[in-house]
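Heads up, there are several structures right after this.
Same chain, two partners: subunit A is paired with subunit B first, then with subunit C.
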Partner chain A sequence: MAAATATTETKTTGHTILRWIKAAAGWHLLLAVGGVVGLGWLWAGGGTERVIVFKVVASLLLVALTAVNALAAVDLLRLRHRGRVVSLAVNYLGFLFCLFAVMHRAGGFTGFNTLANNFGRALPFLFLALIGVAISNLGENPGANRKMVGRGITAVGGILFLFLAGLATAGRALVISLTDPTTLILFVALFPFGLFLWAIWRQPAAARLGAKNVDNEMLIGWAFLSPNFLGFLLFIAGPLLFSFYVSFTDWDAFGNANWVGLGNYGRALNLTLAPLADAAQRANEVLDVRVYDELARIRLFGRSYVIGAQDKLFWIALGNTLKFVVFAVPLSVIPALFLANLLNSKVPGMKFFRAVYFLPSVAAVVGIALVWQLLFNASVGYINYFITQITTFLGLTDPKIRWLSASDTALLAVVIMAAWQWLGFNTVLFLAGLQSIPRVLYEAATVDGAGSGRQFTHITVPLLAPTTFFVLVTTTIQAMQIFEHIFIVMGTNPAGPANSTLTLVLYLYQKGFQRFEQGYASSLAWILFAIIFAATLFQVQRQRMSGSGYDA
Partner chain B sequence: MNSHKLRTAVKYLLVYAILIFFAGIMLFPFLFMLTTSFKEPKDTFNYPPRLLPRTGLTTMLDGEEVPLYDLEGDEGRKAYALVESNIRIGVFASIADPEQTWELPPIEAKPKGGFTNQEKTIFNGEEMLVYLITVDGREIEVVQVGQTARGRFVDPDNPQNEIMANVRLSQPMEQLTARPQNYQDVVALQGMDRSLTNTILVTLGVVLGTLTTSVLGGYAFARLRFPGRDNLFVLYLGTMMIPFVVLVTPMYQLMVYIGWVDNMVALIVPWIFSAYGTFLMRQFFLTIPKEIEEAAVMDGASRLQILWRIFVPASTPALATLTTFTFLYAWNSFFWPLVIINTGNTANHVLTLSLNVLRGRASDSPNLILAGAAIAILPPMLIFIFGQRFFVESATSSGVKG
Partner chain C sequence: MNPIRKSLYVFVVLLITAVFLAACSGGDSAPATQAPATQPPTAAESSDEMPTAEPAAAETMDEITLRWRTRPDNQAEIDVYQSVSDELDSEMSGVKLVYEPGGSESSSYQDVLRTELAAGTAPDVFWIPGTDIADFATRGLIMNLRDMADATEGYSDENFYPGPMFHLTFNPETGNSGEALWGLPRDVSTFALYLNLDLLAESGAPDPRELAANGEWNWDTFLEVATAINALGDDIYGYGQNAWWGPYGYWINAAGGGFYNEDRTACGLDTPESIAGLEFESRIYNEYNVAVPYGEDSEPPFLAGKVGMFQNGRWATPGVRSSANFNWDVVELPDGPAGPSNWLFWGAYVVNANTAHPEEAWKLVQELTTAETQGKISALGANIPSRVSQEALDAFLTFTPPANNQAFLNGLARNPATEGPLWAGSWPEFDAIMGPAVTAVLNGDQSIDNFAATICDEANKAFNQ
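So, the complex of A and B:
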């Protein structure tokens, strides 16, 4: 009796499921047709895209949409599991797309701006909700009653919070935006996407379409990864590819772009060398001044030459950046290694010092740059005051350094500031590396009669190599991209006296966001990336070499 | 044995001396920031520089508030009130004895022979006018050799007791003070309260978003098998190396295209998909024993339940590490907000942007600028003091293991 009922039930659900699957197939067919129509509209003069790349990308997307939906429809009708996978993907992406598009058109994203208006008054209720969560979850074994009360408080607090934070306003904005036909279509489309997503996902459909455990794990895997992966595609991988394309155009941030090939890269890297009749000859007599500016003069084998650069500032920026790296990296790594060794000698209060050294790396660069700007003040700043005190004490002449306003010391000032900020972070990294070296090795070395100097060179240095490598690489990468320190500390003229603090990223910022030569700025970014990559590879290579040397 | 102890003691002393020296270097700028942020405006450009904020003492004299100075008078060193400054004083030298000089208001020197027909003399090879001054009842012939300015100080207890002294060289009487008003001023001047709220919201959004996507993605990479997973993971690792500046221009163009330029959402949404966070969570999830999970699967728990009930509670250290890392990144970021938010749109400013504007507007008031800097710097620092462990772990986990 019972078995018979079960069979009938299975039969009815089986029929319902089949109907659902057929309906989903129909829906995909509809989407495929929609793709074809969209393609026709795009090439029949519809759309307002001026840039051909966008048009091509849109066409490709539409073709893919048509093909994928057709595939989904056919496979679903044949009850193949591939159909389920494709259908789920399409419906999931379609649902997300419509959801975000509706949110976007209803001002849901730009609405973040007004959040600060209402957030303050809503905040107490957020705390109320949190208290509710605490009540229902804390303690060894919360009883059912306490759970109920806690959940109730959470619900009331949460609803009041959302309401006061502007949910009502957002809802009203949504309703108003639905009067726009496109938004309305997107909103309505949410329902079939959601509905078929649910219908094809659930267990009966999965069983009917022959889903195995592996298939389910794959689907769940992609579902879990999807928020991350979609964001990664849209906000990291996509922009990277786009940036690469833009670096070959003269894009100006307002959508006007012409293909210039390698022109941007050429403009940055173009150098020329011209011989001079004598060292004092004017550069414009030998250089094509329509293209080149004088960058530097050199003497080779008794002859004078002048180096001309098409973009002189790029080379100055590159030079300053390298100079900065050469000074800032050792200054923030070597003392760090030294301090880490001191901290590692098991002195009481080690944690306190570690915390103090780490402090600068927690602070906002903008804030500390403002502090250092005052410390570097040439007339009343503390640094010159200390120098005066020391020189007076030692009976030397006071150098009266003008720090930020002199072209030969401005970059040095930035080096000091940056090293100060990075030193503690590197110390903590070194300390962790040191602590991971087994004590036994040192004890054995002491037994063998090795002094602390030999212990350092024969145990600490080789075993710390991975940490040293990491510290060097990250500090170098950071130093290559120095921008914020300089932008703030140099005040109204970030490039500094005689462009002495113009670095690559600062130059990129000026080109890309002050003069809006974004194509050129993109090519600068890729050149910088190439340099960083090369520097990293160089260090990897050295690390490998020294590593193999140690093993042998 | 004793010499060994001595050597250890000396060694410790040396180690501490160095550690303390560096601690001083690390702390001094922050100390300077804090004390300056409580200074009075006129107390900010002193030389030699002074760390602690001070205020001049004053007293009420004839219904007016006047500053007090510490001066050497007839009754020894005591407090005098400055009642009149910038009194012009002539320096007069005796013709008979050029070494002897007097400082007097010019009005007290009478021209010898009258104004219209004043006598002249040759003094130090120069022709000069001769004056007569009265000293102790005697009239002395003098010439004016210089001019200076003096302040008139009176003893507040005995207003008859007056001294003239150079104001700039006199020592004002001061006491330590604190001017919390600076913080109110900077909030009023630059709307730092709004930007503080914005920074909190942006940081909250970025942290919560990053945690969500990283936990989900990390779990998928660590525990779910699906085709393409491992290649994708390598791709993620690859993008971790790409510097932010490469992303800046295309991201800006994307924001222009979506219409998010000058909106706070541009500070949040693009930054919640962190390859680093995903990597960190995956590495941690890999260390959780599989048996617990398999038992839960047997009991019919869904993957989401397993993640929420087992994996998330078990990975508090990793979550805390990721939270601190992301928190610092979001709170302190400057380049991207500078690019994406207009300078004029202060309603959407985060703290770093407000500071950037403030430094131009209040360049002559270090006390205000550093009060603003303190508002931006102190919150992460306070959190650091309480959660030091996680900060240190976030520093080391980014390195030693990777």
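So, the complex of A and C:
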């Protein structure tokens, strides 16, 4: 009798599960049909204002949506495990998409600005709820009364907490936002996505669809990975691809983007060379000044030429960036190596000095740059004050260096400031590298009669090669992307006197955010990426050719 | 499930729910504007059609929220703007005003604003400098208020100085002024020379204020005074200015030149007059050597008592007042070869093209520019009222020191060139070409002849081809 009842229950459960699976298949079929309808709408006149590239990308996404959902529907009906995996993925992503879209449309994300106000005043009641949890659970055998009191406190604290955090206001805001049809559709869609996600994930459905333990473990693994992975796609890969697309348009960040093909890249890289009758001839006599500006003059085989550039500022910025790298990287790496050696000695109080040298690395760039701006002031700055004192004492002529206002010193000033800040971090990296070198090697060298100089050149430097490689690569990339230091220290004129501190990132910032040329700015960003990639690749190749220090 | 674990689950769920609730409830600064339309209206479209954006989610039907922003120069201004906002909030029924002090110029006020406009989170009403009006208007980022203004009883363009109103009523579609209304000017300002009276007395040079009163204040006497002060010591300078288009623009304008040609459709930097003005300024730096090196911030040495004459706008007055430990006053800029000259700087309150509440936003713009409101702001000393109103001007003149406040007002009357947008091109592009080239001349890195021969070839690219 009992066995029969169990069998009947199992059958009933089995039928219920099957109905859930069929319903899920129906849901995926509906999504597939939705994809087809969306595709038809897109090409039958809907969204006609969109550019063709947008249409193509949207179409590809809709085709993918249709295909994936159709596959899920078919596989679920055939009780294949693949259908479960696809269904879970679609419903999970759909649920997240709808949740975040509703949050966005209801103003939830911009509302995070006000979190401190609401959350701060509600927080004490959260602690009250926590006290309630403690009262009802702590101890080996909490009595029924204590449990009841604890739960009561938890409930009261929790409810007050939610209300003060904004339950009523948020509820009202949500209801008002649902008067917008799109928000309403997204909100309603949350439920089937969530429901089928739950239904197909459950153990009975998993068993019915032939899931094994290893399958579930795999899915759990993906679920744990998903926040980071989706974050990467959304906030890194997505914007990267978008900026790549934008780099082929004239988008100004506000209106529609017109496709310009390689026009932006051409404009940046377009150079011309024109011969001059004599070295003093004006460039506008030989260049088409409607297109080109004079960039530089060169002398080849006894003849003078002028180089014209369609975008002179790009080449100036590139030149300044490379100059900055050439000076800032050695200045922040080589002293760091020697400093790390000094700080590696076992002298009392050395930890204090390590902290002191590391301090600039953790200080805010803005604060540092403002201090340096004052130090560099030519008339009332401390640097020139000390130079004046020293030159007066020595009876020399005061050079009165115009650190930030002369075109030949402005970039140097930024190099000094940046190298000073990066020095500490590089020192710490070298220090870590030094401490990983076995002491026994130095002891053996000492026994063999090697002095500290030879130990440094024959043991320390080779064995630090991996660290040096890492430091060089990261510092070079950092230097190529220099922006904040210049932006702050140069005050209201970041490009500096005669554009002497105009670097590539600063230039693309100016183009994108100050001159309404997001498309062109994106192309500059990709050119910079190509340069950094090439430089890094070169360093990697060099490192491979020279081999690891430990192998040498 | 373990009871402790279960309780902790409940606790965590409560926490997460609260975070989202706190965010969704929006608090006081929920965005009042909608995300920008896929196609922002063009200048012409925005004049004909009112936006149909719906109210933000957190608003109730009976009270709307308007966010507004301006670029304050100091905390005192922020406090006054906040109090003005609070007063207007109580006067405007059905409207809740939220004042957002924007960042200063050095903290990229305009860059932040542009980014917010692109993201659809910019305030309903905001201030922008006069040079930005054309870029914002032609891209459909700000609303044409002309229809609403015409329907507003008592409103007249003539209540404000004509220079800014020429640009604020310019219709880029027809090229005529008086046909549109992109906003109302918040304030105006002019240049003056801030004088260190102690250095002046020590040098024995004639007092520029007396020279000005006698009609003898010109480039020659300016040079005489600057040279006398400069001779006081190696670390003393006769004159100082900061490196941007305003200061060198004065020298060009006062010689009869200008940045553009007559109808502002091409570069005018290579005319003989413009070149003469720039050449004189270049000699101040490279021949007479009486100035703080060009490109150095002249304000710190002036405040340190090392500069005799510091050219700056009215906005510098509160800082000088609080930091200068010497006797000081101001005087008009000297007359150039072409007569008196100055700049008329201005900025305007404009309405976000995507605001959900255009009528209320327009009302707010009017309220922010009444004589009474401008009087309150002017009493702080940083701004000259943009409204041609004796009440507002009287409030401005009460702020002393400087004793010679009238010098700033004189600047308004003495042939000022109006700071203006470039309707026929891109001002940021033009400035990016002009600035480094002028700097190279003033630093002695480029000859004035070479500048004259090449500058307009480059600068004309900033105009619509």
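By definition in this document, the second predicted complex is superposed on the first by the 481 of 552 C-alpha atoms of A that agree within 3 Å, B and C clash if a C-alpha of one lies under 4 Å from a C-alpha of the other, contacts with A are read in each partner's own complex, and residues count from 1 in each chain.
To be clear about the criterion, a residue touches a chain if its C-beta (ideal position, glycine included) is under 8 Å from a C-beta of that chain, and two chains touch if they have at least 3 such contacts.
Because the structure is predicted, anything quoted here is derived from the model rather than measured.
Peer 1: On the A-aligned overlay, A:A495 touches which partner chain: subunit B = first, subunit C = second, or both, or neither?
Peer 2: So A:A495 only meets subunit C here.
Peer 1: With the two complexes superposed on chain A, say which partner A:Q203 touches: subunit B (first), subunit C (second), both, or neither.
Peer 2: After superposing on A, A:Q203 lies clear of both subunit B and subunit C.
Peer 1: Given the touch rule stated above, what does A:F119 touch, subunit B (first), subunit C (second), both, or neither?
Peer 2: After superposing on A, A:F119 lies in contact with both subunit B and subunit C.
Peer 1: Of the two partner chains, subunit B (first) and subunit C (second), which one does A:L528 touch, if any: first, second, both, or neither?
Peer 2: Once the two structures are laid over each other on A, A:L528 reaches subunit B alone.
Peer 1: Going by the contact rule set out at the top, does A:D252 touch subunit B (first), subunit C (second), both, or neither?
Peer 2: A:D252: touches subunit C, not subunit B.
Peer 1: For A:T446 in the superposed arrangement: first (subunit B), second (subunit C), both or neither?
Peer 2: neither
Peer 1: In the superposed arrangement, does A:T457 touch subunit B (first), subunit C (second), both or neither?
Peer 2: A:T457 contacts neither subunit B nor subunit C.
Peer 1: Please work out whether A:G433 is in contact with subunit B alone, subunit C alone, both, or neither, and reply first, second, both or neither.
Peer 2: The first partner, subunit B, only.
Peer 1: Classify the contacts of A:A173 with the two partner chains as first (subunit B alone), second (subunit C alone), both, or neither.
Peer 2: second
Peer 1: Of subunit B and subunit C, which one touches more residues of subunit A?
Peer 2: B
Peer 1: Counting contacts the way the document defines them, which residues of subunit A are shared by the two interfaces, the one with subunit B and the one with subunit C?
Peer 2: Shared contact residues on subunit A: 109-110, 112-113, 115, 119, 253-255, 374, 379-380, 491-492, 513.
Peer 1: Which residues of subunit A touch subunit B once you look at their complex with the stated criterion?
Peer 2: Residues of subunit A touching subunit B: 104, 109-110, 112-113, 115-116, 119-120, 214, 217-218, 220-222, 224-225, 227-229, 231-232, 234-240, 242-243, 246, 251, 253-255, 335, 339, 342-343, 345, 347, 351, 353-368, 370-375, 379-382, 385, 420, 423-425, 428-429, 432-433, 436, 466-467, 470-471, 474, 477, 480-481, 483-484, 487-488, 491-492, 505, 508-509, 512-513, 518, 521-522, 525-526, 528-529, 532-533, 536.
Peer 1: So in the complex, which bits of subunit B are touching subunit A?
Peer 2: Checking each residue of subunit B against subunit A gives 12, 15-16, 18-19, 22-23, 25-30, 32-33, 36, 45-49, 194, 197-198, 201, 205, 212-214, 216-217, 219-221, 224-227, 229, 232, 235-236, 239, 241-254, 256, 258-260, 263-265, 268-273, 275, 278, 303, 307, 328, 331-332, 334-335, 338-339, 347-348, 351-352, 355-356, 359-360, 363, 366, 369-370, 372-374, 376-377, 380-381, 384-385, 388, 391-392, 395-396, 398-400, 402.
Peer 1: Report the residues of subunit A in contact with subunit C in the complex, numbered from low to high.
Peer 2: It is residues 49, 103, 105-115, 117-119, 122, 126, 129-130, 133, 136-137, 154, 158, 161-162, 165-167, 169-170, 172-174, 176-177, 180, 252-256, 282-284, 289-290, 293-294, 312-313, 374, 377-380, 398, 402, 404-407, 491-493, 495, 497-499, 510, 513-516 of subunit A that touch subunit C.
Peer 1: Using the touch definition from the top, list the residues of subunit C that touch subunit A in their complex.
Peer 2: 3-4, 7-8, 10-11, 14-15, 17-31, 36, 38-40, 54, 56-59, 105-106, 110-111, 114-115, 117-118, 121, 135, 139-141, 234-235, 237, 242-244, 292-297, 300-301, 304, 306, 426, 428-429, 432, 435-436, 439-440, 443, 445-446, 453-454, 457-458, 461, 465
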